[in-house]
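Two complexes come next, and they have one chain in common, subunit A, joined by subunit B in the first and subunit C in the second.
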Partner chain A sequence: MSTNKTYTVPTYAAFGWLTFSTFLAVFGPLLPVESFRTIHGDFLDAKPFTAGHWFGVDSNGYDIFSGIINGARLSLFVAFITVGIGGFIGSLLGITAAYYRGRYDSIVNTAFNVVLAVPNLVLALALVAVLATNVDINEAVPTWRRLATLMISLTVVIIPILGRIARASALTWSGREFVVAARSMGMRDRHIIWRHIVPNVLPVLIAVGFLAVGVVIIAEASLSLLGVGIPDGASWGGMIARGRNDLEYNPHALYFPIIALALTVISTNHLGDVLRGRLDRREARL
Partner chain B sequence: MAGSGYAHLRDSDDVVLALRDIVVEFRVGGGRVVNAVSRISIDVRRGETLAIVGESGCGKTTLGKAILQLPAPNTGQVMFEGTDLTKLPKEQLRSARTAIQMVFQDPISSLDPRMTVGEIVGEPLWIWGRGSEADREAKVRELLNNVGLDPELVLHRRSYEFSGGQCQRISIARSLALEPRMLICDEPVSALDVSIQAQILNLLQDMKDRYGLTMVFISHDLAVVKAVSNRIMVMYLGKICEVGSPDAIYSKPAHHYTSALLDSVPVPDPAYQRNNVALQGEPPSPVAPPTGCRFRTRCPAASPLCAAEEPLLREVAPDQFVACHHPRL
Partner chain C sequence: MKLLGAVIILVRALVVLFLVTFMITVLVRLLPGDPVDTLMPFATDEGREQLRSELGLNINIVQYYFRWLGDFVRGDFGQWYASTGDGGGVPIGQMLGVALPRSLFLMFYTMVFSLTLALPIGIFLGYRADTRIDRTLSNAMFALSSIPSFALGLSLVYILGLRLDLLPVLGYVPFTESPGEHFKSMVLPVLSLSVGLIAGFSRLLRVDTIATLREDFVTMASSKGLSNGWILWRHVLRPSSATLMTSAALQMGGLIGGAVVIEIIFALNGFGMLLNTAIVTRQYLAIQSLVALIAVAFIFFNLVVNVLYAVVDPRVRSARG
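Then we have the complex of A and B:
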């Protein structure tokens, strides 16, 4: 009767990498690593495995190892926060739409489809362009406002992705007979949603949430490449954007952020798939 | 329309549930409407078991749910103990309908896979805040005992650990938690093995006696119905064909549809010769039901009258009512 609990090596690796990078993200500032802003003028373009700079130094004199650790914090912070907020809003809309149906459902569903029809990056770019621009173009936009705008844009991208999944899942659960039974017993709608629908929809959302984290990390990196990512180019995407300029004579400045980014996205995608595959274990019976 | 009429309604003080001209329609897009239930009137006396019989898709389940206002009928009255449930404000309906509970066809789908059996059976008590936590648990244990489950063994398990028959027992325990006066059983044994069916039917009968329940028993299985019911209502495409006592209906069915249904019951005798051809084809679409009598497209006795005029229910024998222009007499 016990379900198959064996995981494969890639799953452990993915879980290990995410745990490790989350650890870096949370405890990075406490680690005995030099600030990523320190300029090492004597080590410009130092190759990897130089003593004291194991990942090398880029053309601006920034230590790449410090940059990776700091970037983990920013990239993961942005990804988890936006997926958290976007997922919450999206599933709130999706689940209530699926439960109450009717005109409200059509409106929510249409809105999701309209937003989904615009490619992620174009949408985020458009939102950043509109929200993070001052009327007076000579006045610089403050950093916090650029960061907030970026996160709002990415949240808007996430809402319909998770919202649609939540709606689809809630739709099947709302049709179950235990929901009809709960209503006949006099349970209030909000209690039915909270006690019967949400617990059943949640596992799917968590699984897809992992996939969404990957989407957001990529989107943020892409925006950084276009120059509108996390300000000061401190995220992994930002490091790639800066390193790109010196590609010919200092390619190692690109290797590490790219590897970190790729590992993270592959890990979240893989874990999302594994979780999604394991969800149906109860439903698979009968 | 076929199957309308009021000749079969009884005027009696002990009528608990009286349905009057119930209509349930669903929009299916493109401006089309499914006539799931078309002007059905029926009554149920206290302590009686009314069986609703018919093919899949004839509107039996919809009618059962319409009693609970899930969803409410488009038009018509649902008089339960003198109160019209269709007219009650939301909050009053919420408490009024706890007197009517339902047992569903799919025992797996009727239980939330994330809740323990204790939580499932105790849920109705939790909703209404009945008693303290300890009181509720005692009540849950008593209910589980009554339906033949050992509380110690099942209380903390989840529904997917149980067989269909056990799930149906849990479902019955839950439906009795609020001490309802009426139980609507929607094909409660169709999903179960034959050997388990008898156990569940006996359990329902026990519970009916113990709690003094009035039952509406929805089924397509005539053998099952014969075992449990006091009165049978045969439905076809959202209409009543025939209403009567089980004896009358089984010994001399007056409606051609009832007789075809009875003839389709398998007889465990290889030498048995059917004296009647089985029904041909599928029921017509409820989106565009036939004019007049809805059964005429498959009826062996159909005449031009059947297309022109809808037969009303009329008494053909004591306590046997049929909606047919050419009944089998």
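Then we have the complex of A and C:
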């Protein structure tokens, strides 16, 4: 950001929101809130600020507030897990490719380019279609399997995005004097990568990882809108997909999940941006 | 030297294209179930045999891939099978003839609209860097660039379409039918896709403008007494737009993905909707050809930008030798 202060009000706000929604995601079931599956038949189409239903109730009788809390659980869970696993595999490939160079590097790099040549949402959509359908197209697929395939597909999308960043960053560090020195002293490759390269690449990866969390949350919601997301309208994207059909009469069923989703993506993007800015300044000082 | 570099870039792009299309072929093959049962449950034995050979189920995947590639390069994208039909179907090329222009219009308008707004905003913010207006607008831009296009699209549908009843919220009107209605039907989709792009583009341009403004030739120009507006448009914009152009090319991929969702929200029946239908109903050949088309377009855009770089910024030309 443009100011010289490291942490500004938006940074605290972003951090606060993420902490808060993570708290909801982790401790949601323990809160004194009814399950999101409870149908409140007496409160159909209740507007926001109705007593007992702060965020209102949609036309199916689902309480929006419970939905948001449960959605935090799923959306954040999916996002953090996929970015974690995808980031791990991606950086493993990217860093080793940058360190060893040669044919291995060009294979890894080409593989990244191949996957990146298909827009991430299209790729995720295709992967979900391949993995999450039964032999009979009309037979329902169990929820856990759809969740698992969704996460695998999104992981495949994330691997080249973070892998490429890791590779680019590791390339610059592998050429530094201390790496050359360590190598000439006979330090083992695994040690050099682990002790000298990983600690330097990690901050960049964490910064970009925040951005990737935003990408995954949006992709998951888009897949829900396309009808291949997590079923039962459980995630924020699922709530949006369900609320869309009733936009004219119950807009609140739509805008609460949209706000939650937008705030989360803005927060992760902002934190990623701040971290990257700090890194750039550190680099400049070195 | 220069020619060699161009050839290497081209060869690399071709290799990636080969691998992408092959990957898609494998992926489509992995779809569970017997394609013949899925596509034509009521076909006769003859129809089944015909479909079997058309989908290359009786030959190995490499042979099939090259046969498909041959057809694809010649512009034969295969058939869209009707479940009630018995062999054959609608050529995908014919369906593209309807769907593709809609998506191309959508993307063209989106890109033109975003760039026309992003250029002045980005330059202005760079010029006024670190003033209050820059900080306010930059923060707003940042928030806007993070909001997914479907969220924006749905909000716009509600406010402009349903509450104020200003614009149609569904459907597409061809340009030839009624230009006025055509533009009206495109306003909301284009707006939903553009806002994020405008914000992203102007942020990039702002950063590069700040860097360019520190260069000697700008001091030189202003000491010659040229007006600020002239300097910004004629001297600063061009060298500052390299990052913007890369981003615009990369965004084309995201735009295709985002457009799938937007086309469905606004029922535009374009390329994205066709692709989604193909995937959901397992139109084997259609999935393969449509995803391949996207990859070709995406790689092509990146190549074009590589060339445009040198045109826009002469310094790149000399630096690359």
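Here is the rule we go by: the second predicted complex is superposed on the first by the 276 of 286 C-alpha atoms of A that agree within 3 Å, B and C clash if a C-alpha of one lies under 4 Å from a C-alpha of the other, contacts with A are read in each partner's own complex, and residues count from 1 in each chain.
The rule is simple: a residue touches a chain if its C-beta (ideal position, glycine included) is under 8 Å from a C-beta of that chain, and two chains touch if they have at least 3 such contacts.
In this text, all values refer to a predicted model and were calculated from it rather than measured experimentally.
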item: Simultaneous placement of subunit C and subunit B on subunit A, clash or fit; value: fit
item: Per-residue contact with subunit A, leading partner among subunit C and subunit B; value: C
item: Partner chain(s) touched by A:L225 [first = subunit B, second = subunit C, both, neither]; value: second
item: Which of subunit B and subunit C A:I240 touches, first, second, both or neither; value: second
item: First, second, both or neither for A:E248, with subunit B first and subunit C second; value: second
item: Partner chain in contact with A:V118 - subunit B first, subunit C second, else both or neither; value: second
item: Which superposed partner A:T110 touches (first subunit B, second subunit C, both, neither); value: second
item: Partner chain in contact with A:L154 - subunit B first, subunit C second, else both or neither; value: neither
item: Nearest-approach distance, in Å, of subunit C Cα atoms to those of subunit B in the combined model; value: 7
item: Doubly contacted subunit A residues - partners subunit C and subunit B; value: none
item: Subunit B residues within the subunit A interface of the complex; value: 65, 68, 70, 94-95, 97-98, 100-102, 104-106, 108-114, 120, 123-124, 127-128, 160-161, 164, 171, 174-175, 178
item: Subunit A-facing residues of subunit C, complex; value: 15-17, 19-20, 23-24, 27-28, 30-34, 38, 129-130, 134-135, 138-139, 142-143, 145-148, 150-151, 154-155, 157-158, 162, 253-254, 256-258, 260-261, 264-265, 275-276, 279-282, 287, 291, 294-295, 298-299
item: Residue ranges of subunit A touching subunit B (in the complex, touch as defined); value: 1, 176-178, 180-188, 191, 196, 199-200, 282-283, 285-286
item: Interface residues, subunit A side, partner subunit C - complex; value: 2-3, 10, 110, 113-122, 125-127, 129-130, 133-137, 214, 218, 221-222, 225-228, 240, 244, 247-248, 251, 254-255, 258, 261-262, 265-266, 269-270, 273
